[in-house]
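Order of writing sets the chain letters: A, B and C. Residues in each chain are counted from 1.
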Amino acid sequence: MPTTPPPDDVATSDASLALSAWGDRIFKGLLVASALAAPALLVALLWQLLSGAAPAIGAFGFSFITDSIWDPVAEKFGALPLVFGTLLTSFLALLLAVPLSLGVAIYLTEFAPERIRQPIAMVIELLAAIPSVVYGLWGIFVMIPILQSSVYPFLEANFGWLPIFQGPIYGPSVLSASLILTIMVMPFIMSVAREVLLAVPAGQREAATALGATRWEAVTTAIVPYAKSGIVGAIILGLGRALGETMAVTMLIGNRHDIAASLFAPGYSMAAVIANEFAEAGLGTLHASALTYVALILFAVTVLVNAAARLMIWRMNRGAGK
Amino acid sequence: MSDATVHLRTDQLSAMYGKFSAIKNVTLEFPVNKVHALIGPSGCGKSTFLRTLNRLHEMTPGAWITGTVELDGQDVYAPAVSPIKLRRRVGMVFQKPTPFPTMSIFDNVAAGLRIHRKLPRTELAEIVERSLQRAALWDEVKDRLKTSATALSGGQQQRLCLARTIAPEPEVILLDEPTASLDPQGTQRIEELMHELKTDFTIVIVTHNMQQAARVSDTTSFFYLGDMVEHGPTKAMFTRPKEPQTEAYITGRFG
Amino acid sequence: MSRIMVGVMITAVIVAVLPLFLILGSLIVKGASSLSISFFTNTPVPAGEDGGGVRHAIVGTLLIVGMASLVGVPLGIAAGIYTTEFKGSRLATITRFVADVLNGTPSIVVGVFAWTVVVVTQGHFSALAGSAALAVLMLPMVMRTTEELLNLVPITLREAALALGYSRWRTSLTIVLRTALPGIVTGVLLSVARIAGETAPLLFTALGSQFLSYNVDRPMAALPLMVYTYATGPFEEWHRLAWSAALVLIVVVLVLSVIARVVTRQRFGRNV
């Protein structure tokens, strides 16, 4: 074996070496440029929302979210009913979806026969693949007629002493929007909660069982407490989804700038008002600016909510890592 | 120019991860056509040392070195030296077999050759066949060269990696615990190969297994807590160790 | 106690699974009846008349989603490669965080963004603006999947290539990316499926149209937009068409998802 490579080898490999060195430089440059795309987009997004909303911010300031009058003709804009509608529908949706999805997640990770775990999880996750507009369509033509003919009269007859179930029954209403949202956020919460529960070390389970706990006791005393912050994270992630959900809510909430005590009454949401009015608002009008202001608020709220959710999940994973 | 029989040497070599020194001031020489074993307990720095020799160490974020590594009298860490070119002269086989899963057996062996230079098809096939023969794998795979390399057994995969490493004709072969994940039969095949291959290559092997070091190597270096404690002919080291730590290790009192 | 709770949970599973079957059932019952060859080859007829099809919307969705993918997919994959190749770097940390923020951003807000950037600049609605909005939604999705899948490739494989004298770019592309490719293809298909169903970001960008058009600089129809317009419109005939269009949309989305899974099974197999 010679201790120096033969000359022809040196020549050829030097040419390909130069290529490698240049290749590495170009490669890294392209990657850096691509990696910069996301932060650049976020900065541009924030900037565009801020500058678009600036006229409305100047005109209304913080009273924008405490005023209730929305009148494009008189150029008076107050977003309280929108904020209220968004928060109320999201809250109701979580109220129903959380027990449901946690029940499913716990069943699928702890109790279900091994064979059916994966298929059921897949079926539920397929729900998340259905486009929002299809939920809206189904809500209008299938869900609402059923609710209007049986469920809502039943609620009024038996719980009519509650203010939230009083008054005339509308099809498109806060309650209808909340119910469709429930179906839509359920698979999200379920699949994140399931992942979180799967990440609980087997030792936790075995330790509880070794102490004589039943399977259900093991769940309540060892597994859920261990996964608590991850589960809270899953719920908050679901909240983020619900807050920003647009099409199905727009099609089912009734689109009325109003705050009513009854859940049977129509309402409005932040995303829905943008969907309905933006195309007609016209370039450079205060109306368009007010709608951008709404988008800015929606964006800020969802960013905060998502950051909180990631923090919770991250905290649990760090705990699990030890 | 240094002594022609000494191919590879390190001088006062230290390797760091951030502020942590994995090895400290190691000075070693590796004469040509011999098998050199690096032994020591886990975490002693022997693998890190091996990875400084082909500059793989520096690919870990935060990793750096001081001191020098010389190949044929040239400092391989000099600014003008390309690590890619170095690695074409210093091949390496890892603890777990690393066949490229998307490539066939043939393409795996040809992988290193293809990036070095364009070869005519027949010549490429010849080199692949010769490399597989030298790795004692040819008879087992000659009828299925186009099939995926992942279908091979662990021992076969490791010999395939050896064939892939020797195909471009490096001068030095680094082996990082090459038999750690193999069964006794696979281990024996690799050990036999080392005897044959040292006529063409300089071999540096890291091993956890002292019997293996005793069986295959000509010289042995004992590492402990980042220091190179003792270095010498294998036979002497295993029969009359000079340092008390070496003696403790090879008689099984720790590690 | 355990037994009661299991009963409660099984009920929850049934309640959770039910909507999927109800929705798919309604789509088939109400949508399949008006599916015919002419439904796919015709464009809309004036309101009140019978017949009319979705050819314009299918073409529009293909064009709008195709253009969005052309930008979003390569950019997302490259960004994903960056965040795995240079894991520890500050830019990687920032990019990863920003991708999560963008992933959680409501698609309607991204629509507003595309409107201010493209529609306002151009002075009119266009398919291009719709594609821009969808590309922004796609980028972080593709990036995160790419990153996840590249992280599954054993680090020893990368080192083996480097030790063989591979340069960094060659290692990344021909060994690491190539090994993870089947999974990345799956991820890309799933994100295309998600994007194809998006309506909100198209409302005031692509706007929708009643005519077959290939001019991406003009307003253009898309399946989800058509479902929305027809579902909320006043005519019976429109509602019928909305169901059929929704059925087509859901079939496209589910077929993409199923293809994605089949690709993974076949090519991903034993390794990684």
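Throughout what follows, contacts are C-beta pairs under 8 Å (C-beta built on N, C-alpha and C of every residue); 3 or more make two chains touch, one makes a residue touch a chain.
This one's a predicted model, so the numbers in the text were calculated from it and none came from an experiment.
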Of all other chains, the one whose Cα centre sits farthest from subunit A: B
Nearest-to-centre chain - CA centroid comparison: C
Cα-centroid distance, subunit A relative to subunit C, in whole angstrom: 16
Between subunit B and subunit A, distance of the C-alpha-averaged centres to the nearest whole Å: 52
Computed distance of Cα centres, subunit C from subunit B, in Å: 47
Multi-chain contact residues (two or more partners), subunit A: 20-21
Subunit B: positions in contact with at least two other chains: 84-85, 88, 115-116
Set of subunit C residues in contact with two or more other chains: 167, 170
Subunit C to subunit B touching residues, read off their complex: 87-88, 154, 156-157, 159-167, 170, 175, 178-179, 181, 270-272
Subunit C-facing residues of subunit A, complex: 20-21, 23-24, 26-28, 30-39, 41-42, 44-45, 48-49, 52, 99-101, 103-104, 106-108, 111-112, 120, 123-124, 126-127, 129-138, 140-142, 183, 186-187, 190, 214-217, 237, 240, 243-247, 251, 271, 274-275, 278-279, 283, 291-292, 295, 298-299, 302-303, 305-307, 310
Subunit C - residues contacting subunit A, complex: 1-2, 5-6, 8-10, 12-13, 15-17, 19-20, 22-23, 26-27, 30, 74-75, 78-79, 81-83, 85-86, 91-92, 94-95, 98-113, 115-117, 120, 123, 125, 136, 139-140, 143, 167-170, 172-173, 193-194, 196-200, 203-204, 207, 224, 227-228, 231-232, 239, 242-243, 246, 249-250, 253-254, 257
Touch list for subunit B against partner subunit C, complex: 54, 56, 59, 61-62, 84-85, 87-88, 91-92, 94-96, 98, 100-102, 111-112, 115-116, 150, 161, 164-165, 168, 174
